[in-house]
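The following pair of complexes shares a single chain, chain A, combined with chain B in the former and chain C in the latter.
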Partner chain A sequence: MATTTTLPAADYNHNDHHDHGHKETFITKYVFTQDHKMIAKQFLITGIIMAFIALFLSILFRLQLAWPEKDFPILEVFLGKWAEGGRIKPEFFLALVTIHGTIMVFFVLTAGLSGTFSNLLIPLQIGARDMAAPFMNMLSYWFFFVACVVMLASFFVESGPASAGWTIYPPLSALPTAISGSGTGMTLWLISIGIFIASQVMGGINYISTILNMRTKGMSLWRMPLTIWALLFTAILGLLSFPVLVSAVVLLFFDRSMGTSFYLSDIIVQGQILAHEGGSPILFEHLFWFLGHPEVYIVILPSFGIVSEVISINSRKPIFGYHAMVYSLLGISVLSFLVWGHHMFVTGMSPFLGGVFMITTLIIAVPSAVKVFNYIATIWRGNIRFTPAMVFSIGMVSFFISGGITGLFVGNAAIDIQVHDTYFIVAHFHLVMGSAAIFGMLAGVYHWYPKMFGRMMNNRLGYLHFWITFVGAYFVFIPMHFMGIDGVPRRYYAFTSFEFMEKWLSVNVFITWSAIIAGLAQVAFAWNFFHSMKHGKLATQNPWGANTLEWTTPIERIHGNWPGELPTVHRWPYDYSKPGHSEDFIPQTVPYSETMSSNLPHDFEGNPEAEKIQREWEAQQLVVDEESK
Partner chain B sequence: MRLKGFIHIKGVFGLVFGLLFLFHSPSFAQTDTAAVNADTEQVATTDSSAVDSATATDTSVAATDSEVSATSAPASASTTAVAAEEEAGIPAQVYVNFFYYVLLFVLVCFIVTILGQVLSVYELTQGLRKKLPVNNWHSHQAWFFLVGLIVFLYGIYWSYAHHGTQSFREAATEHGARIDTLFIITTIITTIVLVLTHIALFGFAFKYRGSDKRKAYYYPHNNALEKIWTITPAVVLTILVLFGFFTWRGITNIPEEQQKEALQIEITAEQFAWNIRYGGRDNTVGKRNFKLTTPVNGLGIDFTDNSALDDIRAGDIVLPVGKPVHFTINSKDVLHSFYIPEFRVQINAVPGMPTFFYIVPKYTTEEMREKVGDPDYNFILLCSKICGSGHYNMQKKVIVVTDAEYKEWLSQQTYYFDDTMQKEFKELSQPKQANLVIDGNKMVSNN
Partner chain C sequence: MNTHPENNIEDPARASAFKAKRFALWLFIIASFMIFASLSSGFIVYTAGGIDKGIKIILPKAFITSTVVIIASSITVHMALLATRKGESMKRKILLALSVLLGLGFFASQFHAWQVLVEQGAFFINNNASQSFIYVFTGFHLVHIFAGIIVLLFAFFRPLNKYSLSQNVYNMELSAMFWHFLDILWIYIYVFLLLNQ
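The block that comes next holds the complex of A and B.
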């Protein structure tokens, strides 16, 4: 495998070439670092740890669902009074569901995913030495870290963690008398999310300004890899929607501790008449979902970007319809602000408004469909290399299809009457968002691991991880659709109180076993990830034969990314298997003058001078050919 | 090789012991004096001494060692002993069992590692023997995708055939039938899309697995193709949207007149129960005001409103078949959701804002029992919005009967404004008028 680079021959051995003389300490290098690559790793590792915690919580509540009548004495050992006699209590069950959802959505799939890959890829793929504001970047990580700590701390308060669901709808979340988790636990939840949003905003501003201002020479917007496009839209979505969640959270805070009535009205809890009047819980739902829906796209867009890149590289083919991919990202981003009401069809919101939201919701399915078709077209007639990243990407597309088509059910207000707040919804979003986004993230980890750690992960463990997780996720979520159609509501502590749910008890056991096995398979990943840092095979300069700029940086990962000058970009990132070229990839740094045999008229659009040179060369080539005959 | 294997073993054991140590620490259980002891044998004892109340019985439990915690209740009848016993009640066997599970998992890891090593060795020797260049296409994965495709398609079929038939029941209301039509059309369309795209995705993955002999086809875009697959979904979706929109409006946009003529029933949700109120002779549910709530008047019904006087209290929701019903849904505390799956009815119960649903039941409970072939079958009202610890068990029977049966049933129900309620109403309104003259005047003038 060739490791093409057109960098000026710099001396790679002088790592601290860019260190401006001073020596880095452990603290500045690994803890309060301002190097975007190290911050990316911090985000990733924190995200992975949080993912394991959230996964563990989900196994706990799955145990309860599968064997509602059985005691697990071991649970009492580490849950204490919340699992007295080895049986999880109903309130703690809700706390588990709530914290599982919160951690997964915000800390793993938002910070862990876009935090990691924005930090890692933006400077590397656009040819910048670091982020626009490295210090703020560092703050962004540490705010995120503190948010994680505060959220986990809520497990150690007397009244337990927040337990009103990850959507924390008031009045339940506002009244400690209605559920104990709405006491100190909910306060911590709100504080944690407040800090988290600050982290997101600092990160977002940084990502956007870096992408817009710090692209290297030749890196026009239309030459950016799709990862960067996706991360750009993600950051914009976050910046526009997270502040709305702040307002929702702050008003809830007021209602809880200062006696205001933004969300509360006409309430009698435990025989006590509360003074609140005039508020509306629906207001909270509007504010929450104005963030909440863009949030689900904040989660999936980076995965789209990663998967576009990985599929293209490993099919050895340009991504099909690059422009369409960008426009569909744009379309999804814009539309995602206009559909939040589809979470509220049956909340008592004006039914006419529901009808309008239904129309906008189904429109958003069009750009989503375009993306899927383009992925499939990219694979078509490719020359597919099944790296672990590639198999995860194919898995991601499969999940996105399976989960996306159920969007047509829930997006249809009339059908949603039947399936809202049932297991059907759980199945829908775990496939389309949960599984698809996680697979995108894993694809990214397997793909850019050599860039992060200079070593390769073990392929075979990767495949094992993929197949068990892929099958496991389908085994877990496909049956849930049918429970939902049957009318089993979500967030039920046990299925034992209703006769019609009894037929699902055995299915629940099956689901829980699938979840446990898929969960254990993640150990293969954790092992692979941490063990390969020290013991993996050494990475080569460009292990996947990719075109993008990050593979022109030295393997040693120096501060400032490139020794010497920044690379210049001459072409788009998807010249894979271009006819006429001897290799099946042409890095972005290779000028057209070096690839005369493979240039196409299309490459010179708007540059008659270059076109003329090309034509002259081709004419000359003909003569040479003639002569050699 | 051997050294590497050794590192593996060390690492795995380190992980296991680390995990065990973590679980031994009772910190998760927030006991005040968390005593951590790494020794498995003694953990049970330590745990009991970690109980915050340092009573005499407590110490005795700790002293008598793990025996006490292993065997069940000592015959002592003192309440403190019972309490302490409860806290200390984790038998040592629990730890042993858990340890075995961990060991089992480690064993599985070992087997996987060994299999992996065997595979590597095999591959290496194969490579040496055939002098194959080490290729990096990993095309064996393509075969897995082919198998995956077949399993996936069969799995879809199996799910529809088994889980599908046991989950889908015909709707028992008139609007529900329309939702069902929409549901079935959407299912057909999406199933076709699901199958075709997966055949393409996994099929192409298999067919175009890499090899050194080929080069991929440079095919960056095709505008015609892209237009086709933008417009096709757009058209299909437009049809679904229009169909859905009119169905939705048909369900939710009932003319005022028609709503008034329907049987009026008010449902008020609270943690964790449903209260049912029928409009009575005047078919009008009287006003309620949450400030009037008392232990007797749980709904806060305003009996100064005449239409409240004949409101009927019911234990179950009983409906006459074929007659329109207009539900008004309230909540006393947090959000709940009024959900009757077979009726295709779902609407949230929101404190401070009544919500509505209009239905016409199509089948009586008896007819439905015959349809599903289950003589004990019942329609049931569930709560589908998370509302607290009892969320999973907030049910009410819904019974659909013939008109005659309905009238018969109704005549047996009692009024909300019964003797106790009347007494309380008088008591509450009198002292107010006596003590607070201004207030009393206001009340009078309000009337």
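The block that comes next holds the complex of A and C.
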């Protein structure tokens, strides 16, 4: 209540659903809230919980991979029939891999990442009171929440969760008789993803229309922080690609439940010939990867944005090549729709088409490399402050380089045909997407925690978290490259069943221990995150000395963001360590007239009036200097 | 007419929020067009898979009826918008009711087309999935039409006197925009199917 009365201006942008003057109850404040900052926290906390669940699933299947012959009686206690005698069943192993991948890709790195930071940063950094449609924004979160619940519910159905891999290729996913997970579990998977897509589309529409319509005075497109650019492109990619997944999933649904033959043909299950005829599983792969490849960039772009911001702030230097950063985001976004075929080099694609996809795929490495070089150039000779957010950002760049390089390998059809569906691929995408994106997300959490909760996280725990996770992730994924080159396929249940794979068992033990230790390090993060909410050091208004608008809002995080008028923007967000200025940062709200000593000719964008004033001032300074001599 | 300042569309903050909503509708239209674009490319990829694939039948005449009906409904919706602008609420109501009826007529006509398809032996469950695609296209579109009819009903039952004229016009513009999209979408689908007949 207090917040609405002290903020007459805040009520303007609220949509019609907002009930003025009512007391905020627990329900309207924390549950069905329409405040973008609260929704951001809901996304973040749900994302973190889902991440822990998916992490736990991965530890379960890593146990199986490291010790395929050993019994773990404790597993039977909480997994029941899925781990009879303390050993995970093959069907359940596949379910674990599938749900781990699904949760991580869609629920953590898509919704958890862009949902959190789009909601938090878009209004705050462009100077808006809230999203364009706060009610739809709320729906977006609750759809996401329901999608999570439905996905997790599949662990409690008789036949178990979906088991066809996160890419749910038919025919395995289309035939309930093929594997137990393709029964009810698969149906729940499809429903969950359907709800999830609705959530993404609602969120995405909101993000785009807010960015393009509701920027404050002076916030021209070319003055937007790179986080906003990245979140804008992420939302556009999502809006164009998720509907394609709707088509793919609905056709799959028809094949499963109605007996159509879009994807199915010539199938014999247990000696019985099925009626499905004439379909093509390759069709599904086309539809899936037309979404799937943009999806991997939906995952990484928000991290790019966050890391650009964090690296620039903590190097106390302007981001190197701001325009190049934006154009490379654009280039990546456009190209990401033209490369899906690289996931299908071994589907009998004609060599010519394969060549086309190879070329587009390798071209996408160019804008990616531009970004990496710019990060490094920004850090180069900076006044680096190694805050936890900064070390996680540097970690993100490191992972992106390591994983991107193997991208170049597998982008070549000739090499990919050898390593497709091996651990080489697992290593590639866990470094370039998994680790890089999660590090970007963690950097964002450490960096904007004071903005979200008004308190600081503990730095020491942050460094501990960083080093164990960083080293752990490399220990887990580097060895997988060698397994892949040796031809070890992914998603195999027991290495002991194949002679050529048996020698890799010791490596698997090493990987599993690394994963367990890295997993335990996340407990340090969880503790830090939740404990600091109540007990962290109180934050100051602008703890990192940053230029962007969110740090001009009061620490109390009021509804409507700014008391009184919205801020006016006078400059780009990266005036760090500008020569001639007394401090090493100049917030976007400071007009040039207050920084005469540091203005440069190109700051005025060719405005002759302003240039004249500046020249006169400089001439006068000279006179003053002369006189004082 | 209500003169509460909150409802004054000329207020700049309100106007920008409205602009954002219209923009959001455009984005929604793009998203749902992507569904049909992907179905089209799916159809093309599938049909290129063999000479035994393809529609292979003459499309039902009912599709022509549907086309006429939906174009008529677009016209009545547009007239309802004009009536809203002039503040002729009775005329507006009648035109909207007519549009809803035409929308229902479109529904019926499409169902009839499905019956004709079944009689021709072009079943949904079919080893030539090109024919199944006809049902998928029209079915997805009907889902949209269903939503569109709900939008029109909302417009019909909107208590006009509770809002300012400019707000009512604005609201009706959005509803009309959505309905015209459904119209154009159907023409796209029909032409696409005809070209592949």
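We take it that the second predicted complex is superposed on the first by the 609 of 629 C-alpha atoms of A that agree within 3 Å, B and C clash if a C-alpha of one lies under 4 Å from a C-alpha of the other, contacts with A are read in each partner's own complex, and residues count from 1 in each chain.
By definition in this document, a contact is a pair of C-beta atoms (placed from the backbone, for glycine too) under 8 Å apart; a residue touches a chain by one contact, two chains touch by 3 or more.
Quick caveat, the model's predicted, so the values are computed rather than measured.
Legend: residue contacts after superposition of the two complexes on their common chain; A:I417 is shown touching chain B, with no touch to chain C.
Contact with both chain B and chain C is seen for A:G279 once the two complexes are overlaid on the shared chain. Judged by the document's definition of touching, chain A residues 277-280, 282 lie at the interface with chain B and also at the interface with chain C. Against chain C, in their complex, chain A makes its touches with residues 12-13, 15, 132-133, 136, 201, 204-206, 208-210, 212-214, 239-244, 246-248, 250-251, 254, 258-262, 276-280, 282-283, 286-287, 290.
Across the complex, chain A is touched by residues 11, 13-14, 16-17, 19-21, 23-24, 27-28, 30-32, 34-35, 37-39, 41-42, 45-46, 49-50, 52-53, 124-129, 132, 136, 140 of chain C.
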